[in-house]
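Two complexes follow with chain A in common, the first pairing it with chain B and the second with chain C.
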Partner chain A sequence: MKKRGIGIGSIFYGTGYGNGFPDVSKAVAQLKSDGKIAIYVGATEVGQGAKTALSQIAAEVLGLSVDDIVFINEDTSITPDSGTAAASRQTYNTGNAIKLACEKLKRDILEVAKDYLGLNSIVGLTLKNGYVYPKTLPEKRVSLGEISESLESSLKEEAVFTAQTTEMDEETGQGAPYWPYTFSACGVEVEVDTETGRVEIIRAVLAQDVGRAINPELIEGQIDGGFAMGAGYALYEDLKIEKGKIKNNSFTNYLIPTSLDMPDIEKVIIEDPESTAPYGAKGIGEPVMIPVAPAILNAIYDAVGVRMTEIPVTPEKLLKAIKEKEMTYNEGKN
Partner chain B sequence: MGIREVYKGRNIDEVLELLDKYRNDCRIIAGGTDLVVHLRHKRLNPKVLVDISDIEELHGIKKEGEFIEIKGATTFTEIVKSNLVNKQLIGLKEAAKSVGSPQIRNRGTIGGNICNGSPAADIVPPLLALDSTVLLKSKNKEREISLEELFLDKGKVNLKENELLYSVKFKKINKNQVLSFSKLGLRKALAISRLCISVFLELDKSKECKRVKIADGALGKHGVRERKVEEFLLGKRLNEETIEEGAIILQEEISHRLQGRLSLPFKKEAVKGVFKSAISKALENLH
Partner chain C sequence: MRLNSIGKKIIRVDGLSKVKGKALYPQDIYMEGMLYGKTLRSSRPHAYINIDTSRAEKIDGVVKVFTYKDVPGKNCHGVLFKDHEVFCSERVRRVGDPIAFVVATNKKAVEEAIEVIDVNYEDIEAVFDPLEAMKEESVKIHGNSNIIYHYKLRKGDVEEAFKRCHVIVESEYKTPMVEHAFLQPEAGIAYTEDDGTIVVCASTQYPHFDQIEVAEALEVNKDKVKIINPAVGGAFGGREDITLQIHLAIAAKVTGRPVKAVYSREESFLAHSKRHSMIMRYKTGCNKDGKLLAMEAEIIGDTGAYASWAINVLRKAGVHATGPYEIPNVKVDSYAVYTNNPFAGAMRGFGATQVPIAHEQQMDMLSEKLNMDPVTFRLKNIFKKGSKTATGQVLEESVPIDRCIKEVADRIGITPLSERGGVV
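After this line comes the complex of A and B, so read on.
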């Protein structure tokens, strides 16, 4: 028989290294001779979209399109240290460093433009679409390319962002180890085949607090990916270690979900800007996967009344638990 | 040592000549979806490979009198797309469709799936339920045996060192007959069968089983016909009671066959659900 059930999981998660550990990101912003802006950061793109989102932050500060940002990363010989692409920290931490570096560079650009245009102050100067001009007199303008050509050496600024984290009290375990926190919730409907123990995810919804969505499509992609990882964690992935060796060391028998195993996920992006974040944006890479497994396990419980306490919930384990429950129930009746 | 020579076969005679010459030193490669993995893991170490994938004579599905013949190097995709694999043969189509992924189905062949001798080969149970025969060719000889006789043990088939599986044949299926397939995989694609069952069914006018043939996969050393279940169901009406009883007989058969295996408690339980699903799919497609 096939039985359906619904489950919810909700979480909060502190991004960044936390617990007083130094969490430092550096960034360099430079005006290139062709008027484009080069950003140097040691942030690694691992498919999460760091290159895109971080370029967008730089473009936003400097009034440019992302096409005018030359993003240079992953080359340690020419980039400063921006910490690891871990702890869901790049958007918040390195994003902040880029924002600071670009703000400094923007000020430098305005100063040069002021002299170039023969003005007496940078007050009211606008930098937009590659031009600097007084807000009140847009015809009097100079391009970033012209500014760059007028200089003997290029404008370049570095900035450092250090996140606020405090150590927990060793005695009590109390404190505020992370900053900031993100929140998310996931709901799933599953169908359990009570004769084979197979679980199918019918539909799902995932709501993620993002602070501010720098790139909503990337966030939706992260939700899809995080859900797949969470579903694999709950239902498939089992590292069979025997005497220190992984027995299933290939994707033939170490199972992860395929696209056919994934339901369509309804994505809800919740924006509540974080005051210390670049444009309010927080990291969401890990948070999107965390509520998925508890939601699935709760849905299984709702469907068949069996509380699974070990993952992955393979057909083998679930069928055994269902049968045990039936036996206890029948014994109770007798 | 590694592979010294690879031949791209242009016709059957050439291939049979090479097989006869190199014998045990030689392996046939069709889709390579199993063979290449074996080679990489050094589980096989042939000196010579003979590629049969582009030999036209070894591809295709066609009617031969009252039979349907599927040539050895026909891919799963070709089976899925064939008009001859119609609604009555839904089980054969579903089995072919459940193999691996689109990429694997585009390369993998019916002959390879059979000759690799995997207990979990998806295409085997439907072919067993169809009472298929295989035509085996060698340089100066050919012989036709039942598919059932071909399987000797896990990963072992009754194929001589100079023989090629030329084709698989089974009787055309009538309008009042149907073949179904049901599989329990751990996920929806790229899933090796934990178990699978195929049912061939024909009911008479009073809805009793006139012909019933049942075969399963991953429940033994190779695909197996479940004759005790067939005998029980023959002449009976298929209702909740008889299906349940049939399932119990199947469970007993499996308990006997998989004695001592860690997977037995699960498979014994799960086979019931898969069996019922295969029977109900057969009934659905019969009406």
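After this line comes the complex of A and C, so read on.
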């Protein structure tokens, strides 16, 4: 028989290194001779979209499009240390460092433009689409390329951002270990085949707090990927470690979800900007996957009334649990 | 605030090169005169070893077989404790520990040489169950105790609070070690620049930390090491710990030629960390209105043969053990334990992924006992602006968990349990 059930899971997640460990990101912003802006950071693009999201932060500060940002993050000899691409920290930490560096660079640019245009003050100067001009007189303008050419050495600024985190008390664990926290919830509907023990995910919703979305499409991509990883964790992934040896050591027998196992996920982006974050944006790379597995487990219970306390819930395990429950039920009847 | 770039669905700047197959991964890099490297790994979980590489070195095409004797600087690395050896010197502690690195002019010679390295294993008693490993009499993996960390969280008085609870649920949960399964297995190439700088080009999550660890193993100033991080095919925490970077750097420095290595999928499974498996014993109670009053949890995390990020992971598990709920009385003890299993480290969620397997089922069990639907129950207890977490941290802004839950409940269509007459 096929039985359906619905379940939800909700979580919070502290981003950053935590517990007082110095969480530092550095960034360099430089005006290039062609008027484009180079950003140098040690933040790795691991597929999460760091190059794009962090470029958007630089573009926003400097009134440019992402095409005018040259993002360099591949070489330790020319980039500053921006910490690891982990702990969902790059958007918040390195994003803040880039924002600070670009704000400093913007001020430098305006100062040069003021002299170039023969103005008395930088007040009311606008930097937009590669030009600087008084907002009340847009015709009087100078391009970033012209500014760069007028200088003997290029304008360059570095900024450092250090997140706030405190060490917890050793005896009581009291303290403020992480900041910011990100929140999310997931809901799924599953169909359990009570004869085979197979669980199919029919529908899914995931609502993710992001502070503010830098790039909604990248967030949606993270949700899809996170859901797949969470579903694999709940239902499939088993290394079969026997006496320290991994038996399932390739994708022949270590099963991860394929696109055929994935439902269409309804993705809800919840915005509630965080004041210490760059434009309010919080890290979401990890939290997107966390509520998925518990939602599936709760849905399985809703469908067939068995509590699966050990994952992955393979068909064998679930079938056994269903049989045991039926036996207990029948014994109760007799 | 009017924003021009923030909030826009801008196409990934690295997208086109990736979909067209033009993005350069370390696998794609070939250099003139380069050598091929391959790692010999332990086949035993716990043993003393003796290595004889003489037969392997005689194979045509083999340039050198590197072992612990060939590490110029520190023969160790690790993100927190330096408990990994670059090459095992006397003892292996898990299946997959690196013992030697063969470098040859062609792949065939590399494969042949790996086969004829003689490793004499003298097995030591091994421990695979973290509960066994915690016992005083257990065989020790490193030092005097297998318990490397104990996080204690204490808030209020749980014993007294449980007495006031109308409903209490208790259960034990188990989560396994799992694999990051990133698309691109580890690969890298290392070479020397004219000024003596060692360049390691490899997929990593944290190039500036790799730079320090490579420099320490080579015993050179870190300015003489350059890490180039080309396209990375996923990481999820599995590229936090060093895998092939130091092996390649030593080989390139000693041979004076570029050296490349590409792991197979099977070797990738062996080489990098896993998610910590956890045993989580939970007791949670609430009053008859559904307000959570107390929670007690004991969490045991198996970090396998090496510490990696175990301390931080079990700390994070402990801090997040309550879930996003205000509970006035909390007692959590989390432990990180060495065993002879594959080593565990960073993986997406970092300890906070395991605990919801427990706390979210506890929430549903409590709500069912109260005959309350799981959404109503959660909304009664979740963090709000101004709430304090179990560690006493004030959540003073950006706490929209209520909106997350409501959106999900509304869209997935949670019918209150009462209307369904309870669960099957």
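Everything that follows uses one rule, which is that the second predicted complex is superposed on the first by the 334 of 334 C-alpha atoms of A that agree within 3 Å, B and C clash if a C-alpha of one lies under 4 Å from a C-alpha of the other, contacts with A are read in each partner's own complex, and residues count from 1 in each chain.
The definition used in the following text is that contacts are C-beta pairs under 8 Å (C-beta built on N, C-alpha and C of every residue); 3 or more make two chains touch, one makes a residue touch a chain.
Treat the numbers as computed from the prediction; the structure is a model and nothing was measured.
With chain A as the common reference, the superposed partners chain B and chain C fit together side by side. Shared-chain residue A:Lys140: touches no atom of chain B or chain C.
Applying the stated contact rule after C-alpha superposition, one finds that A:Pro315 touches chain B and leaves chain C untouched. Of the two partner chains placed around the shared chain by superposition, chain B is the only one that A:Lys323 touches, whereas chain C remains out of contact. Applying the stated contact rule after C-alpha superposition, one finds that A:Thr258 touches chain B and leaves chain C untouched. When the two structures are aligned on the shared chain, A:Ala185 is found in touch with chain C, with no touch to chain B. Between chain B and chain C, more residues of chain A are touched by C. Legend: residue contacts after superposition of the two complexes on their common chain; A:Arg198 is shown touching chain B, with no touch to chain C.
Here's the short version: in the overlay, chain B gets within 10 Å of chain C at its closest Cα pair.
Residues 251 of chain A lie in contact with chain B in one complex and with chain C in the other.
Partner chain B is touched in their complex by these residues of chain A: 193-198, 236, 251-253, 255, 257-261, 314-316, 319-320, 323. Chain A contributes residues 3, 6-14, 17-19, 42, 44-47, 49, 51-52, 55-57, 59-60, 63-66, 71, 73-77, 79, 81-87, 168, 170-181, 183-189, 203-209, 211-218, 226, 229, 232-233, 237-239, 241, 243-246, 249-251, 254, 256, 266, 268, 270, 272-275, 279-282, 285-287, 289-291, 293-295, 297-298, 301-305, 307, 309-312 to its touches with chain C in the complex. Per the touch definition, chain B reaches chain A in the complex via residues 101, 184, 186-192, 194, 263, 265-266, 269-270, 272-274, 276. Those residues of chain C lying in contact with chain A across their complex are 1, 3-14, 45-46, 94-96, 126, 128, 151-155, 171-179, 181, 197, 204-209, 211, 225-237, 239-240, 265-266, 269-270, 274, 312, 315-316, 318-320, 323-324, 332, 339-342, 346, 348-350, 352-353, 356-357, 359-361, 364-365, 374-375, 378, 382-383, 390-395, 397-401, 403-405, 407-409, 411-415, 423-424.
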